[in-house]
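Each of the next two complexes has chain A plus one other chain: chain B in the first, chain C in the second.
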Partner chain A sequence: MNRNMKNRLFYISIGLAVTICSLILLFLFGIIIWNGLPAISLDFLTNSSTNFGADGGIVYQIFGSILLILFAALICLPIALGTAIYKSEYLKNEILHKILNTLIYSLNGIPSIIFGIFGLIFFVNLLNMGISWIVGSIILSIMILPTVTLSTYQAINSIPTVYRESSSALGLNKWQVIVQVLLPQGFHGAVTGLLIGIARAIGETAPIMFIATAFSGVELPSSFLEPVSTLPTHILALAQQATNPVALQNAWGASLVLVMLVIIFSISALFIRLRHQSISKS
Partner chain B sequence: MAEKALKPMLSVVEKTQDKIIQIKDLQIWINESRILNNITLSIPKNEITCIIGPSGSGKSTLIRSINRINDEVPGISTQGEIIFNGLSINNKNIDLAQLRTQIGMVFQKPCVFPKSIKENVLFGIPHLKKISKLEKFQIAEENLKAVSLWKEVAHRLHDKAISLSLGQQQRLCIARTLAIKPEVILLDEPTSSLDPISARAIEDMMVRLKKKYTIIFVTHNLQQAKRIADNLVFICDGKLIEQGPASKMLSCPSNPETKAYVTDEYCEC
Partner chain C sequence: MLGSTNNIGKYYVYGSTLISAFIVFLIFSILLVNSWEAVTTIGLDLFNLNWNPATREFGIWSMLFGTLVVTFIALLIAVPLGVATAIFTSEILPSTYRIVVKSLLELLAGIPSIIFGLIGIAFFSIWIQNIFDLQSGRTILTAGILLSIMILPTIITLTDDAFNNIPSKYRETAKGLGLYKYEIIKEVLLPIAKPDLKGAILLAFGRALGETMAVMLVIGSIDKIPDPIYNWLSPGQTITSKLGREIAETSFGSVHFSAMIFMGLLLFIIVLILTIISQNSLKSNGRLYE
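Presenting the complex of A and B:
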């Protein structure tokens, strides 16, 4: 085989890899849209479910999912910002830096079902909070914490030192430098990380299924300590009734709505990142 | 007779009072390597002192230790004393923010904040919320005029500062430093990333500004130092080789190494 042939073979094989990768995604989307679209209607999106979820709409599931991730984001953001600022601006010791990195990556590597069990033992039983959506938000916020922390850290840490020096040289204290110079320029990193994090969190089933959700008979919660119904747990419940064609179609419809929500968060994250890149380049 | 003997002594006393900054036996290490070695020098008030020397000689480290912006550099340790207006600035308890409003600094690369031109001028002013709109405008006008930028930007004060040219940005950085009313301005090779015309504009500005401020100017451009310096400090390999009035150091330097540097820009140390 001469060099030209090798070159072509290499090109063909990487082309093949890209094609397979794109096809898998297109295939998945295709199936979800093909099966889910017939289920989607205004009634489906605005009505509550009946007959243990097999009939009716998914409005409370959509509401429950958004409520969970909204509070997860609110709980996560201050902790992630604080950790990122400390790691970037205050932590000088190399060894402590490595330890903190290891901790953050380990937290990211913990399987989601473990978070669920931890939530059940610690919050639901030990703290006696019962099955409640706020416990679900707390657990999801812990799950997305590494993503948001690292994204914020990278955004803050990549701000050139000359910005820190120029503002300190004007007589600003360290916290003023952080609040007035670093945070405004690094905040996009926190928002990007948050959107990527909640795009992942909204689809999670395992960590919330025994601590925050009920499978049927749930409406709007009137306090922090009530269960909600969410899209992924609803899909799980419907998939278990696969012999009922209406339930199955509703499962496809709910899947499509969930995928659309994930795509919205991911694309917003992409846009914020692109917009900031163009600002920092100009 | 007694009066005649007293006069030179009085002038010596006056001279030391005119020195706004005195550096005594300054030594700086970064990790294991010694960057500055027993530097002792003094900076006269309301004059331009140029620090010259080849690259890597420690000029920047020296100027950056005068407002202690070096403190944040990892692995740095400092010995010796820097006295500003009679007070040692190496004291651990000193209010650094206060010190830096008295000793302002302009860096090599213009660094404007992602805000408007006007907000950039006002950036270092404390308690900005308590200042009226009119006063803010006056501060912006006064300082932009001082750096000859007013005519160019008066009609677009609310534009992003990043839209200015590099030379204009550097003048904006100087205006921002002037706005906090320092006594001393440190400039660390402020023209090295600018075009020659912008560089000359900044040189002319320094000559104008020295009536009000003491200026310490680091440059590796000997021609520039010849144009603006009242005093020269020649540093090579972390050691102070010679310091004195620019006219004397350029025409008849007492040290052969200085002579080699000011004539051929060559240094053997």
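Presenting the complex of A and C:
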């Protein structure tokens, strides 16, 4: 086989792979939209579910998902901010830096079901909090902690040293420099990280399915220690009764809503990142 | 006053860093303590073939086997497909379209795994059932194919980054020597990108091992090693699907529960090792790959 032939064969195989990947992408989005759109109506979005989710809408599921990620973000933000500031401004030791990095990457790599088991043992059983949505929020906040920390760290760390030096020369102590100079400049990193983290957390099923959610009959929680119902666990419950066509249609509707939520959060993160990039360039 | 806020600030950042660093150890020790009972009472019988809580047999071997086979199938499909697509996006596609491809990949990576599970139940398992004329389409192969689609974005993005980070002078020099595109990629670019590629595959490996929801819905959940061993068209079980299906029905503190946690610990350790190795071989620092 001569060189030209080999080159052509190479192009053909690359083209084949790209076609397959594009078809997969098209197929996935096609069926999510195709199956989801007929299920979505105003009634579906504003009614509560009945008959174990097989009938009715998903308003409490949407509420539950938003509640979980909102509190996850609130719990995560202060810890991530502190860790990022420490990593960027206080930590000078090379070895400690490496260890902290490894720990953050490890936390990011832990499979989501392990978080669920950890939550089940530690919060639900040892701390005796029962199956409650706040446990779900805590676990999700741990899951998104690495993302938020590193995103904030990059934003703060990329601020030029001259800012720190000028403000110290004006007589600001270290904490004042951080709060008044570095945080206003770097806070967008935390917001971007939070949005990316939320986009990932809102679709997670495995970590919350045995610690924070109940499958049906749940409305608004009246305290911190009650289960909620969320979109992913609702889809899971419906997917397991796949023989019932109405339930399956509701599952597709809930899937489309979930994907839309994920896309909204991802796109807002992208916009904030792009806006700050263009500002720092001009 | 000024000094005290300075100190409070310092304690705050120290404290939050300690919390962040402590969590990994906390998770590890919780898993270790809770699997201890299984290790002491069952011991090496944990690696037996049979899992039957009624007769107090807790052999995790079939779950371990299922996990490895499913991941193997996923990598077998996703690595060639992903690397070839990444070569296209970084070496052949004009760079103005690159942002479009990247955004599409992020979208694909953002689809929650439960939705992949739903798609698997509604389409893939039925296709497999019809093509191979089976009683049920929920098999090890179905789970592997579904998983391969889920790790595809990870492999494409990381490989694309690896190729894109190579300075263009290598390509220009090679082209100046009269090499074909195929030869440039094979002889020049691939060897340079190799460490990053290794990192990408290891990371995808770790992701695939820990994937739960999609696998749990389509694998069939039967604790058996297929007979014969390469018959991937039979139902199986992975560590994650076993945990997802059974842990909520297990009473806390029993040997059964402890044996389940032992599987979780094993998964935790394997994935942790893979993550650390892959983060070390990925040269570009400071980014998280999900």
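Worth pointing out:
Convention: the second predicted complex is superposed on the first by the 257 of 282 C-alpha atoms of A that agree within 3 Å, B and C clash if a C-alpha of one lies under 4 Å from a C-alpha of the other, contacts with A are read in each partner's own complex, and residues count from 1 in each chain.
In the analysis below, contacts are C-beta pairs under 8 Å (C-beta built on N, C-alpha and C of every residue); 3 or more make two chains touch, one makes a residue touch a chain.
The model shown is predicted, which means the values in this text are computed figures rather than measured ones.
Residue by residue along chain A, chain B and chain C are tallied for touches, and C comes out ahead. Once the two complexes are overlaid on the shared chain, A:N173 sits against chain B and chain C alike.
Within chain A, the residues touching chain B in one complex and chain C in the other are 173. Listed in rising order, the residues of chain C touching chain A in the complex are 2-3, 5-6, 8-10, 12-17, 19-21, 23-24, 26-27, 30-31, 34, 80-82, 84-85, 87-88, 92, 103-104, 106-108, 110-115, 117-119, 121-123, 149, 152, 156, 180-183, 185, 203, 206, 209-213, 217, 240, 243-244, 247-248, 252, 260-261, 264, 267-268, 271-272, 274-276, 279, 286-288, 290.
Interface residues of chain B facing chain A in the complex, by the touch rule stated above, are 67, 69, 72, 74, 96-98, 100-101, 104-105, 107, 109, 111, 113-114, 123-124, 126, 162, 173, 176-177, 180.
Of all the residues in chain A, the ones that touch chain B in their complex are 92, 160, 162-173, 180-181, 184-185, 279, 282.
By the touch criterion given at the top, residues 3-4, 6-7, 9-11, 13-18, 20-21, 24-25, 28-29, 31-32, 35, 78-83, 85-87, 89-90, 99-100, 102-118, 120-122, 125, 142, 145-147, 149-150, 153-154, 173-176, 178-179, 199-200, 202-206, 209-210, 232, 235-236, 239-240, 242, 248, 251-252, 255, 258-259, 262-263, 266, 270 of chain A touch chain C in their complex.
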